[in-house]
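Okay, so subunit A shows up in both of these, paired with subunit B first and subunit C after.
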Partner chain A sequence: MRITKRAAAAVGVLAIASSALISMPSQAANPSLLIWVDSPRLPGAKEYAKIMKGKVDVKVELHSQGDLLAKVQLFNRVKKGWPDVVFGPPNDVAVLRNPIIGNAREISTLLKAQEIKNFGKLNDWCKGSDGKYYCVKNDMAQSVLWYDTALFAEFGYTVPTKMSELFAIGADLAAKHPGYSLGALSDAAAYSSYFWPSQCPLNNELSATRVLINSKSPKCTRVTAALQPLIDKGVFYPGSAFSPEYIKIAQEGKLVAHIGPSWFGEFVLRPASSFNIPTGRLTAAPMPMWEGETVNYSGEWGGGIYTISPHAKFPRAALDFALFMVGDKRNVVDVVNPDKSTGAPTFPAYIPGNKLWKAKIDADTYYKASPYAAMAAQAGKVWTGVKPVRYDADGAWGAAFAPEMAKSKDIQKALDAYATYTSNLAQQLGYEVTTKK
Partner chain B sequence: MSKPRGYKQRNLLMMTMLAPYIFLLIVFGILPLFMAVLEVPKISIANPDGGWDAFKIVLQDFRFPTALKNVLGFMAYFVPMMIIIVIAMALMLDVKTNKWSKYLRLAYIVPASISGAVAVLVWWAIFEPTISPIKSVLHFFGINSARQIWQTENLVYLIAIMTFFSMAGNWILIQYGSLQSISTEIIEAARVDGCSAFQLAFRIKLPLIRKYIIYMAVLVFAGGLQIFVEPQLLNTGVYTGIASSWSFDQLSYELAFKSGDFGGASALSIILLVPSLIGALVVIFKTDMFDDKTIRDKKSSDKADL
Partner chain C sequence: MSTTIKSSKKLKSATRQESRVGMFFVNSWLIFFAVISIIPMAWLLLASSKTDPELSSRNPLAFGSFKGYINAWNNLTFFDNGVIGRWVINSVLYNAAIVVIATITASLAGFVISASRIRFKKTFLISTLIMMLLPPVALVIPLFVLMDKVSLIDNPLSVILISSLYPFGAFLSYIYYSTTIPPELYESARLDGCSDWQLYTRIAFPLSGALLGLLAFFAFIGNWANYFMPYVMLYSGENYTLPLGLGFLFSSTPAINPGVGATSVPIYKPEIALAGALIAFPIMVMFLISQKRLIRGMLAGSIKE
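Here is the complex of A and B:
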């Protein structure tokens, strides 16, 4: 019994000591900020913490993009712990705005008029149907046509401005240069490069409770009809661009062109561990236009956002961080990344930051010609029919489209599988799914 | 009948030995179960009105039938494969012990030290024709692309193979141990009566370790039902999307952490508890594994031997 008494006493002492620790008054007079970013944004966030030392107490935490929803719900339970500002995938804004989750505050009232102007159209993704902004877009992931200038010259191709011209190149490759490729079509690549720019209605949120999903629309079937023969002939690869098999094709110098997001150059085409395309060959051209259209739209693959928690005590300080990331030279151009490269790796969605970034990419001798002009031309042309939705529309490309592509290599069937999967998901999360506007 | 001397001490000793288990059972078993039950009726995006409809919503989830099909398909291969091969290997190991036996035992335990997570990477490399150590074998069978192997409908076999290799080694040693518990007198007597090695294995040894086999079957069944690591890693780290919500546990995880539906995830976990609980009850009441009587009989016969 004596032992138990002693143990109880010890527990009591510990409890008192720990509660004393917790109740010690905070001495900080500065605003404090808890920031969550992924690894490509980490150097910039750390730089910000350094710059703000003495003015704002910045704490930076690395977190994976996928776990925010779960964490926020747990924080909601215990009513504490929310990060003030978070970098996440673009769809997060719809999920976080849901009242049950409630972790994306409206920021229009925080933004100065000049700042809103500085975004131009580049922050339209974050604008709700009420005309207010709910996030800050970090970067544009607009699709452009990446191509190998050396192979184009060797095979005598001119840069396509129409989709039919691109597919004609594909047919020519199949006939005269078998083994050469125009890209990989799994993951979200088929979506951001072809279906979205073609205005194929998937994930088109019409209102908070209605979403348009129709894989049989002519805007979708024209894509599948054009791509299928080229998939069959091996010009388009029916798997992921990140698979060892496709990386091998690209590393052997067989990649002629690839419609891909603006970050494709720095993250996929260039790195030695990835496609490793040699210096002085690559550049980007604007998107080819679909027949019968007047605008050569882009799609987006990624293009992350910063959301600010309604629980943030210093929301303007949180917003200042987001604006630093997209608009300040110290991040956009100067910050040193772990691979010794400098500056933000992706196309900033904020005009002043974007101008700084232009100088950086123009000066880069890796590219045959600067891809900036094509990126800039497409940045304002992302088709806006696609909206943030409350279900995991991006994950569904892996869950439904990719497995069917691997199995049957039938792209229409794979798209139908995607539409069925997302329709089910959408209904489960309270949407009415419609196939007509 | 008066209580024997030392009863109190023995009781205290028993409680002391039980206490850590009881503590863990409460903290990681019973408490979470109660929390799960309380969680089910809470409001979530999928169940905006709250209430016990969460069970119905989960059972009607479009991913539920697929997960059911996958898990049952996987177990149809995995469970028999485990039991037959493990027992066969243990019996062979037990036939005649010689100086190689200990090395063989070691050889069995090595694959078991490769946990599920690592096994995924090992098998990914084996079945990836660009880097595989058995490249030429794969090419011989016309497999030039990993996509020919890694397809959603092949996962029942692939995951059964992966899980088998990471779990079999341990069980072979456990069943080898159970064979060691058979009295040498019985084996000797059988040999003297002219039993062949096969007869010895099937007529004598197997019936004597029957309860251990049932015990193993139930644990393997419960483990198979809760398959998570292998498909989840494949899905998130290797071939994105190949095994999305492939198993029940993955669906539960998906509900909680992708759709933010903790209520639905809890409901599914409670549903999953039912077959495992039935399995456990079968072991306790329908086999003599935990039978007091056999233990008492054994004790009294031990005493009689003395």
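Here is the complex of A and C:
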């Protein structure tokens, strides 16, 4: 009987102890992190998971850019499933901040003073009108003037510092060297290379409910007036830089210069499968300045962002991942990419990471002279009048501008088509569209 | 008499000539459609033998080199330590489960609607037709919420169960069982004391080989390349199907989306062509294996005696 009582007591004690253990808060448990990235970012994210093993339980999942936008409303409905940190296209920050979606956390309160300092001007895209940060920009895609030094020397051209000088080169090419080109204008090329740097008011969010879209503004018409004659003469190609027809022109060595984003050198001008411009000819110069301006602004084409979910249980851990991707040598320089190259492929938007990347690009013997100086000069000169908007302003270039350019080859008409299309999109999403500030 | 024989011979030779002309046109027409069907498939197979620049510069039906296939395959498999193999295995497993479940349930449902004595058969039949008309997009939110309630989100079972819902198969089975098996057979079996279950297992099922082949084929075709449902239900890489994984892999490359621009993923048009061939190949094989059974199944019930 005594034995039974003792056994019962022991079982009771064990039960209480085990229940206490079970109900103990899991203080010792590691923070957990669910990361969604696209295929180019996957190796870096997996490297981070490896480094953090034992400290943070990192789960990395492959998704396409913008995938969260398609799924977040499903997650909102069942109130779970949100990834903690997501890589996406730049405009996502506005869409995710929309209260209906509510999936971009304000991160200023998480950032240390030094980290904010490290952003410099490179993370301005992520700054809301309240002065707070809502994302971490992965890379800058600022436009610069890419040019073929050999062709410039052969034709006796000097590097243009003003837009009028660039267009004079275009006129000279049309007259003396027909068949040579100054670039392609479709996709978002005309926008990031000419309209945005010219401060043409498209997608300028004035407030949460007002957006300025005016394709007839003088800042837009000066672009179309300058480009149209050169389109007509074949100096500018009205289609896509990625089209087989234009790739053929470039591969025949007829591309003299091309205003394009900082990633153009590595991913469009250089690869054998693309323009295949030979070693020792290319470099980049700062953007030419529009007449009557005091700053030679750039536009951007691309430049992804990391957003952190307000539902993340460990937001600082999520932020640490984003900062690792943009600032840590193990990703920026060392990580092995899917194409077996190493390091970050594009201009990091974080000063420490950017310094590491500079060493990499400076050491590259492909370029006649390192394009880094021009990229760095333009990095702080992206015109900030263009803000992220809640509608798909980037997709509209393919949906409205490109088809009209292909049909009529009239750039003003194509820009008007874009403005009409985006005005409709903006109104559907509750913006008041205005043509004046 | 001789005149009659002569004119008969003339008539025969004219008929033969007419039939030759007719055959010529019929054959030309068939060859034309065969060429139209084969050229895209041949292009798909040849595209991955070339490099990306060769795809733009060379004849579309020119052969590149065997090295081209190896390069494209290496580029696909190098990504994330050959995760593509995992996606292939997932696709095979999910589809095997879907084909088995969908075929059995559709056959049973069709039999019940056509031959059993349950009530509301007409209501079930109309419900099946309505389900056939409903676009899958309309069901996304209810299905997502339902799967969440049973904790199956991001679980392969969610895709398998939802994709096994096969109203077209149920309707096809209903037609088959209503037209191919005479009702008298069921009646006499019932007189001998057969239950509905025995009617199905002992009479209907053994007589429905052609139907089952047809159901399995359409279930496979409909789900092998399905992107949408796995896209909605799954979000862990280890659970992805081949079309879903490849979709995510390709979407960040300029080969499929020029606007993406910069990428360090070596996926170009030949890699995408090879992946397309990989996805299309099992469907081609399935079709070739089952074409006799398919034709027999499709003709079943077409003659009523």
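Going forward, the second predicted complex is superposed on the first by the 408 of 437 C-alpha atoms of A that agree within 3 Å, B and C clash if a C-alpha of one lies under 4 Å from a C-alpha of the other, contacts with A are read in each partner's own complex, and residues count from 1 in each chain.
Definition applied: contacts are C-beta pairs under 8 Å (C-beta built on N, C-alpha and C of every residue); 3 or more make two chains touch, one makes a residue touch a chain.
Owing to the predicted nature of the structure, the values given are computational and were not obtained by experimental measurement.
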| item | value |
| --- | --- |
| Joint occupancy of subunit A by subunit B and subunit C, clash or fit | clash |
| Contacts of A:42 with subunit B and subunit C, given as first, second, both or neither | second |
| Partner chain in contact with A:95 - subunit B first, subunit C second, else both or neither | first |
| Subunit B versus subunit C as contact partner of A:218, first or second or both or neither | neither |
| Partner chain(s) touched by A:78 [first = subunit B, second = subunit C, both, neither] | second |
| Touching partner for A:339 - first (subunit B), second (subunit C), both, neither | second |
| Touching partner for A:261 - first (subunit B), second (subunit C), both, neither | second |
| Which of subunit B and subunit C A:179 touches, first, second, both or neither | neither |
| Dominant toucher of subunit A (residue count), subunit B or subunit C | C |
| Contacts of A:278 with subunit B and subunit C, given as first, second, both or neither | neither |
| First (subunit B), second (subunit C), both or neither touched by A:394 | second |
| On subunit A, positions contacted by subunit B and by subunit C | 67, 187, 240, 244, 248, 395, 397-398 |
| Interface residues, subunit A side, partner subunit B - complex | 66-67, 69-70, 73, 95, 98, 100-101, 187, 238-240, 243-245, 248, 390-392, 395, 397-403, 406-407, 424, 428-430 |
| Subunit C-touching residues of subunit A, taken from the complex the two chains share | 36, 38-40, 42-43, 46, 59-65, 67, 71, 74, 77-78, 80-81, 141, 187-188, 240-242, 244, 247-248, 251, 261, 263-264, 266-268, 272-273, 276, 301-302, 337-341, 345-346, 394-395, 397-398 |
| Of all residues in subunit C, those that touch subunit A in their complex | 51-53, 56-57, 75, 78-80, 83, 140-141, 144-145, 148, 153-154, 232, 235-237, 240, 245, 247-249, 251-254, 258-268 |
| In the complex with subunit A, residue positions of subunit B that touch it | 43-46, 48, 57, 61-63, 128-131, 145-147, 150-153, 235, 239-242, 244-245, 256-260, 262 |
